[in-house]
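After this come two complexes, each holding subunit A, first together with subunit B and then together with subunit C.
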Partner chain A sequence: MTSELFLQYIFAGLTYGIIYAIVAIGFNIIYNTTGIINFAQGEFVMLGGMIAISLNPLMPLPLAIVLAVLITMVVGALIEIVFIRWLDKPSVLRLIIITIGISILIREAALHIWGEGVRSLPYFIGNEVSSVSIFGTRISPQVLWVMGVCTIMVILLSLFFRYTLMGQKMQACAANRTAATLCGINTRNMVTLSFMLSAGIGALAGCVMSPITYTEYGGGTGLAIKGFTVAIMGGLGNSMGAVAAGLLLGLLEAFSVSVVPLAFQDAISIAILLIILFVRPQGLFGRSETAGLREF
Partner chain B sequence: MKQFLPLAGLAVLLVCVQLLTQWTGTTYYLTQLTMSAYYSVVIIGLCLLMGYAGQISLGHAGFFAIGGYMSAMLTTRNLITFQDQDWMVLLDKIGFLAARQDLYGEAILSFQPWAAAIIAVGLAGVIAFIIGIPVLKLKGHYLAMATLGFGIIVFRVFLASEIFGEADGISEVPGFTLLPGVTVTGSFGARVSNYYIAWTLVVVAMVMLINLINSRVGRALRAIHGAEEAANATGIDTAGYKLKTFVLSAVMAAVAGVFLTHYNGGIGPSEAGVMKSVRYVALVAVGGMANIWGALSMGVILNFLSLRGFFGSYDDAVFGAILIVIMLFAPEGLLRLNLVAKFKKMFSGGSRK
Partner chain C sequence: MKKLLSTSLTIVAVLLAAVSFLPPAAAQAETIKVGAILAVTGPASFLGGPEARTLEMLVEEVNAKGGIDGNKVELIIKDSGASPEKAISFAKQLIEEEKVFAIIGPSTSGETMKIKNIAEEGKTILLSCAAAQVIVNPVAKYVFKTPQKDSDAVRKIYGAMKDKGISKIAVLAGNTGFGKAGKGQLAEIAPEYGIEIVEAEVYDKKATDLSAVVAKLMANKEIEAVVNWSIVPAQGILAKNMRQAGWEVPLYQSHGFGNIKYVKAGGAAAEGIIFPAGRLLAPELLEDGHPQKALLLEYTEAYEGKYNEPVSTFGGHAYDAFKILSAAISKVGPDAEKARTAIENLKNFPGTGGVFNFSPADHNGLDIDAFAMWTVKDGQFVPYKQ
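The block that comes next holds the complex of A and B.
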């Protein structure tokens, strides 16, 4: 393997990896406040991309993206309010089935609105062939956009959870819901907020990745299962773990291209998911003592 | 004996339906009823796993497809070029091979359907056993995701393998002669006999499940569903029972896959798709989870409507909507709406979080 090819793989791996990490963080935000794994997480990414693509001819690109993110956040909030908020102590099985149903409905709605075709946003700078030179290899500027935007998102999110009152309220809700309620926090609103937040970051990731990975109505399922793999690898609920695990999975996938046929690509990350679930359900970085407190 | 009385009613109903279609000249409905019957076998098997043992599986289409695909591949693959090899002679001696001619008169030497079916179902059972050991240690979201992952891997493997016909699947699968004169085939003349073959399979499966549910095993499974730790403490081998139920429901799915593939004369990758698995789960949920009669009736009705094209291009959306509506308003299933309150009390007690 030449060093040029090696660097290309590295960049491809990091690009996909950071996207997986964002999806995983979306899982984590909702899981932390509710204990729900939202099976419709991948659909938020698809929706963000699709809405931005539809809005793009009508307005400048940045505005289209901002609007797409806001609309997806509203969709996220509506999902929580209509389907989840009023349930009285629902069982896990019930929530799993409800979120699966939601993901099917979003996907089918997208199929009827946007059709089966593959679409994409234009490149933010330049076009398919423009490239910048980094470490002696040439990569598309869009790759830098994806990595830049996603990295900033991760940083802003961790600042949000650490330093803002709203973020701290959500953390309190995650740590102990009853105690948070006793402190006067409206935990139900925090749950709605967590759905909005994770819909928003998913949608933004969906927009920046659209020019390179394309957007299609059924794209959410694959992303969701990879995002979940990453969330589990990093330790469910641990966002920094998710970033590390996401980059790791992205790199593994990128380098496996040279060994495994493309058709089996998805099978690889799922196999990794199964192995992690069987061997280290607490994640690569989690401690087994903390895992013992949780049920797998 | 009382629990078998509804089965007699079912048998009478089946004969009536058949006579009615004969009388009104609508025998084409029997085709969809036959296919629905095979899907129902998957659904009642999944009902045992989900409703009684309380373990969700989002990968049952995978087992169905393993049965169907293996059987289709073994009965259509022409092995004539290997016919002088030692292992082929051995297979021939134990009666595993069958020679026939295809449409163009070319000689085909392939596996005999009985042998293919046994291998296919056996393989599904073994895979379920191997997968089941680690998977069934998981709970809740983890179990759902792991079984979903398994389903996707099966789908990918069939879609990407040349031997399984890639995106086209396998076609021209010959009929399956169960007994002399009784053949599972989609040919026009065999419509009525196949209707009865399919429903006989359903009735056999129902008898087996009703027996199981009312036995020590069934009580153990319900105990596991209610409170696994408590069941463990009272000396129930929870892991063993869960695994056996998982394997049994996988085998039932595989048997249905074998029969339906011979009936349709082929199988495609969509049978292994995630949406199929979700659909099976939806049908068990509509039927009322721990209610095999509910699962059977809802499975037949909704599959029949879907196969008749009643839902048009909203087919998947309908099943998604059904899932949500049932889980929001009637988690006990449509047939037991009045028991929702009781169910709520029971379920919230057993759930965590």
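The block that comes next holds the complex of A and C.
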């Protein structure tokens, strides 16, 4: 393998990987506050892209993206308020089925609003054929955008959880909900906030990746499966683990192309998911004692 | 005096018009039920959507004119969502309960193959809008199809490659029925044209990035051109990934590229893509007097005016199916057996897909001339010239 080809695979892998990581972090945020997996996470990514595409003709691109993220956050909050908040001590299974229902609902609504075709945002810099040369390989500037924006998002999120009061409240919720309530934290609001936050980061990822991958009404499902795999790999609830696992899965997928036929690319991620679930259900970076305390 | 003349002429004209609108008393007018099984929603909705809209438009048009020779048409559209199981139950329902005169569709090859026998046993005319050759080969008495053959598309592409002196190619295909059938045809016909397939890859129909596989193929310096066979957005993604990587070999696509939405989605990367398709893509460029020109312009204008979206070749397949059925009915009246024979004997019948010449042995009726080679220039489809 030439060094040029090697680098090309690395960049392809990092691009997929960071997107998977963002979806996985979305899963984790909601998992941490509610203990459930929100299977509508992929739909947030699709919604962000679609809304930005619809707004783009009316306003400058950065504004359209900001508005799209805000609107998706409102959708996330509404979903929580309408479908989840009023349930009294719901079982995990019931909540998961509700989120699957929501994902189907959003998908069908998107089909009716935006139709069956593919759409995309324009490239932020240059166009479909422009590329920059890095160490002898050529990649689209949008790839750098995706990596840059997603990296910044990960850094800001970890700062948010560590240093802001709101972030610490959410973490308290995740650690022990009853204790958090006793300390005067409104845990229900924290759940709403977690839906908004994961909707927001999903939507932003959906906007930056749209020029590369296109956006279509059904595009969320595939992402949700990959994101779920990554979340499990990294250890549910562990956001830094999700980043590492995401990049790992992306690189594995990219390099797999040189060994096995392209059609097996998705089979690889599913196989990894199964292996992890059987062999190391606490994830690559999780401890088995903590995993044992979880409901799900 | 002059005024009197014009007034009386008007009255005469109105009377004549009224008379001609009266249904002919001799012909027994009845309602003809036409069923349609189309993938209006779901993964193949880009096929079924335009097909259903086209049929609705045509039936409305025909009924506004009083029907086919005075027989009103009732259209029953069933949305299969591209699921073969649903197609089967809808086919049974349409044949046994609704007792339809004929069925138009399904949109996809997989569904059509599942209901081929049902139509045959129910002695109901089936006009499929799906492409695979197996639908009409072997010939089933009641089963017809309107899209062009995929083998002809392959021959057209290989012909263009040969003219350019290309002999070593890479093949990429989506993992759909269409992609698999196309990949098979590409491999089978390659030796006829002295072409060697040095690399072949299949990707998932939901693929959103192909840069890794592009990097792999690009490392093989033997490859002189790439052929991609799919009906999914990856058609545009492949073009983008190739051009971004700076790989400048010609890119050929299948007739599944005949939708201007894909060109828009591909943007600058779609420039220079070469592919075969019917003549619906740019009817205004056809020479005057071409048998398809008038009807292509008429269909484009009516469809785009009504639905405010560009026509696609897929809607055209439903257009052809309905027009072929109407032509047969107006020739022999609303009798299913006679209409079936009439379709089999239809010759020189211009449609959107080409000029149809059916025979008892050929239930597709189109030959390689139904295709023209196209390329993309400045975001538009234009005829391809060497």
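Heads up, the rule we're going with is that the second predicted complex is superposed on the first by the 294 of 296 C-alpha atoms of A that agree within 3 Å, B and C clash if a C-alpha of one lies under 4 Å from a C-alpha of the other, contacts with A are read in each partner's own complex, and residues count from 1 in each chain.
Just so we're on the same page, a residue touches a chain if its C-beta (ideal position, glycine included) is under 8 Å from a C-beta of that chain, and two chains touch if they have at least 3 such contacts.
Note that this is a predicted model, so its numbers are computed, not measured.
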- Message: With both complexes overlaid on chain A, does A:Phe228 touch subunit B (first), subunit C (second), both or neither?
- Response: first
- Item | First (subunit B), second (subunit C), both or neither touched by A:Asn127 | second
- So, A:Ala263: does it touch subunit B (first), subunit C (second), both, or neither? both
- Query: Who does A:Val118 touch here: subunit B (first), subunit C (second), both, or neither?
  - Reply: second
- Query: First (subunit B), second (subunit C), both or neither: which does A:Ile37 touch?
  - Reply: first
- Shared contact residues on subunit A - subunit B and subunit C: 261, 263, 266
- Query: Which residues of subunit C touch subunit A in the complex?
  - Reply: 41, 43, 45-46, 49, 175, 201-204, 206-213, 215-216, 219, 233, 236-237, 239-240, 243-246, 261-262, 265-270
- Task: Going by the contact rule at the top, pick out the subunit A residues touching subunit C in the complex.
- Result: 2, 5, 8-9, 11-13, 15-16, 111, 115-120, 122, 127-131, 137-140, 212-214, 216, 218-219, 222, 253-255, 257-258, 261-263, 265-266
- Item | subunit A contact footprint on subunit B (complex, rising order) | 54, 56, 58, 134-135, 137-142, 144-146, 148-150, 152-153, 156-157, 159-160, 274-275, 278, 281-282, 285, 313-314, 316-317, 319-324, 327-328, 331, 344, 347-348, 350-353
- Where on subunit A is subunit B touching in the complex? 35, 37, 39, 83, 87-94, 96-98, 100-105, 107-109, 112, 221, 225, 228, 232, 261, 263-264, 266-267, 270-271, 273-274, 277-278, 281, 295-296
